[in-house]
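The same subunit A turns up in both complexes below, where it pairs with subunit B and then with subunit C.
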Partner chain A sequence: MNGVEGSSVTDVAFWVVSAIAIAASIMVVTLRDIFRAALFLALSFLAVAGLYILLRAEFLAVVQILVYVGAISILIVFAIVLVRDMPGGGKDNHLKVVAATVAALLGALAIFVSYNSDFTNLDALESSNADVAAALTGTYDLDASNAVGDEYEDQIAVAPPEGAEGTEIGIFSNSTGSIGGLFIRDFVLPFEAVSVLLLAAMIGALALLRQRGEES
Partner chain B sequence: MPEGFDVKWAAVVIGAGVGLMAIVGLFMTSWFLSPKRPSEDKGVAYESGIRPGEFRWSQINIRYYIYALLFLIFDVEAVFLFPWTITFLKSSDIVFYEMLVFLGILLFGLAFAWRKGALSWR
Partner chain C sequence: MGPNFLDNAFFRNIYCNLSESDDVRCSGGGWLGDGLLPGGFEWLAFLITAILMAAILITLVLNASLVFIWAERRLLGRFQSRIGPNRWGPYGSLTPIADAVKTLFKEDIVPAAADRWVFNAAPVIMMVPSLMVLAVIPWGTGTFLADLNVGILFIIAITSLSTFAIVMAGWGSQNRYAMFGAMRAVALLISYEIPMAISLLGVLMIAGSLSLVSVVEAQNVPFILVQPLGFLVFFIASVAEINRAPFDVAEAESELGSGYHTDYSGMKFGLFINAEFTATILSSAVIVAVFLAGGRGWGFLPSQAWFILKMVPVLFFIVWTRASWPRLRIDQILSLAWKGLIILAFINVAVSAILSFIWPAPSTSELWLMAAINFGVLIVSVFAISSWFGSGPVSTPRMSHDEALPRPRPAGLSAGGDS
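Take a look at the complex of A and B:
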């Protein structure tokens, strides 16, 4: 939490949630019973949602709980019970060295990137897309809006927090409303395209089922 | 951290803790109060039923999976509803119709599935 003033309570919460996430992740890869591993994966997702809350990304936390804890875990459990003879887990193979190497490289990459990024510097982001940066910093302003009438201009906008001179203090304040503002103003077409994407996913799922039904 | 962050989320944590304690407390209470005279017959999943065989794992019907997939799709749709609910009342009318188009496309998919008989149990 570099650059953000944290209290001791949030520090304790951060360590507790991180410990739960790491412990659950270790259980996922070490347990032989794949069903219990899936349950620990859900716990790990829940702990990551806690980390998002500590990062002031409440919307992302809600999405994490709704989609990952609520739906992806269910899908994984369904996939397990649909497969025959799974309780014993997979057989041992000789790919342990390869897997360990790839995991170590990815971990090293993640550590390298997180040490070399300045997370409090939003200048680069602002130059690429001012609206997204404004939403992240809670200074979203509808003055420049065309889609929304003038009489509403001060409604969606989140008041810039005090001391908004530096972006550190205001980062991620009330991100949900700002994201909604972006949906209805700048990203209407991608937003509607998402529904077409979901429709395609639905039809694909139904097509899979029909194929199976016709075989039998 | 903004002001009040600790206090607001402490309420959430306390609420979750109390809920968890209630569940654990109920189980603990029944465990302490119940008489325990175990026997082999009582350990069977269905008492007086057929004895379970060697295989404790059975494959369930693939049809259940379609409901899990449909649930996931409408779950993702709900994610997009949240930011919209915060903003649409305070915006112009066109925002409301934007969401209607969004929901309409998905409802078309559901109606299509229904019509094709994908939701019926054959």
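Take a look at the complex of A and C:
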């Protein structure tokens, strides 16, 4: 194969994007100017989207930009703009030691988990949930979503389907359709339950906003 | 990777000349023999080719925006019974160049109270989304930078980044007019993103793909006929998303100075204006690709020429809208999005879902049948929604002084306690 996949270009891109993500995250927690901190938060979300692209999860990347950068960060920025008098953020709450301890513990946990996970082993995932494994490798078959078992094994063994004709669209494996299939077939109940949760949160916010005794 | 870039003839020529690729599509070598770069440098060839392609496309689009600025000013002149620019060059065609030179030579002023870093970054960030959308637009058969299989979602996601630029400009200026413009822009952009995304769902159901190239391939009948309601909503929403009249409340000259770019001068202001015109051109390109069958046409012209020919009436229509509609009030704009367009978009989704359930892979005749049904739906639903929408008394916002929109109080200007 020629081209870029698996070559030094993706390695360089990975290191650059990771460096941006980490630097932006550090800026978020160290800057005193809360507006700039929010901007750096958006930048780190963007960099994470870049990591998703390098992992060939293009749908996830685009949704990350759409939801986290385009909606959540915008709302955070909007809130900062609307809440007027916050020059340089809030006061020190004297919890530095506790915060540092919790952060260190969480960081240690993340490192421990990522060292002890076998990310290359899709067989384990397949035995626990074949559909998810198939979706990850872009071989999820919509018509056979209930037939799990042996038929996926050979497809998963060669994951990701590199360069074979017809298995890839563009530079990505085509996982969008698989994710959609999982959402509205196998996991339709949790998917819909989440939207009900969001609706409840929205109504709750409106109820809190409405002043008591006000009719309209 | 399976370099789909190599399906593009132009890209292939450059790439195969540079690299010692063993791809089948490079089998003839380039014009310059088989590879200028030694083996193992395919990534460099890839990088050079990609940057070259991007540079060519960006240059073309930026020049096209100059042409569009001229055409729009001439057209607006005609619409308003005046001559329009006619001094510099034949029919005033060099006026945009004179404007650009003038803009470049103007003094670059940064307000003393401004948040310099944010202020300077905003115009740059404004340009980024419009230029990134370039990458996924299929300008003709095989003429695209990238055929993302999430192309349409990519466009919607990337264009939402321009909201950031506007907020940064408004906040960075530390100016109340700018802040008002930015807040209006955010409200408008967030509201119109929703009908814009939903209106495309019908197209996706029929095309069965998010990739713009596949969407073009699926259009045996142009989707403007198959999805008239989707087109209507998408057109209105995209005119709103690019902040053009009648939705230009963000920069409303008569109320806000010029909104979020009040304090900008020189080329930073030029970048904002340029981004607006580039976004206009690119949204017309998206409309052509999604609703007007992209570069498909009859044999006697290359597909790229068809694409550009189809962009002309869309751009004309956008200018026409601008010339013939007064600017809407911000509350009217928002209620149009939430009470009108979103409902229309959902009706479109429901009808398209039923139709594409009946005909999962529609043939051309079935597409015509869909078009007929959808036109009926368009007429009925638009009449129903608009009569419901316009049934009440003309609403004027009931705002006492306390309920009015919160005033921005940028940190640099506030003198202590709140009122």
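Simple rule for what comes next: the second predicted complex is superposed on the first by the 163 of 216 C-alpha atoms of A that agree within 3 Å, B and C clash if a C-alpha of one lies under 4 Å from a C-alpha of the other, contacts with A are read in each partner's own complex, and residues count from 1 in each chain.
Here is the rule we use: a contact is a pair of C-beta atoms (placed from the backbone, for glycine too) under 8 Å apart; a residue touches a chain by one contact, two chains touch by 3 or more.
Computed from a predicted model, the values in this text were never measured in an experiment.
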Return first, second, both or neither, reflecting whether A:G70 touches subunit B, subunit C, both chains, or no partner chain.
both
Which partner chains sit in contact with A:V196 here, subunit B, subunit C, both or neither? Use first/second/both/neither.
first
Based on the superposed arrangement, let me know which partner A:L55 touches: subunit B (first), subunit C (second), both, or neither?
neither
Give one of first, second, both or neither to describe whether A:I20 is in contact with subunit B, with subunit C, with both, or with none.
neither
Just subunit B (first), just subunit C (second), both, or neither: which does A:R36 touch?
second
Of the partners subunit B and subunit C, which touch A:V188 in the superposed model: first, second, both, neither?
first
In the superposed arrangement, does subunit B or subunit C reach more residues of subunit A?
B
Kindly list the residues of subunit A that each of subunit B and subunit C touches, one partner per complex.
4-5, 7, 9, 59, 62-63, 66, 70-71, 74, 78, 81-82, 84-87, 169, 176
Sort out for me which residues of subunit A touch subunit C in the complex.
1-5, 7-9, 33, 35-36, 39, 42, 58-59, 62-63, 65-66, 69-71, 73-74, 77-78, 81-82, 84-88, 163, 165, 168-172, 174, 176
In the complex of these two chains, what residues of subunit B are touching subunit A?
1-2, 5-6, 9-10, 13, 56-57, 59-60, 62-66, 68-73, 75-80, 82-88, 90-92, 94-95, 98, 101-103, 105-106, 108-110, 112-113, 116, 118, 122
Name, in rising order, each residue of subunit A that touches subunit B in their complex.
4-7, 9-10, 13, 53, 56, 59, 62-63, 66-67, 70-72, 74-75, 78-79, 81-87, 147-149, 152, 155-156, 161, 169, 173, 176-177, 179-181, 183-184, 188, 191-192, 194-196, 198-199, 201-203, 205-206, 209-210, 212-213
Which positions of subunit C touch subunit A when the two form their complex?
1-4, 19, 21-23, 42-43, 46-47, 115, 117-118, 146-150, 153-154, 156-158, 160-161, 163-164, 167-168, 170-171, 179, 182-183, 186, 190, 193, 210-211, 406-409, 411, 414, 418
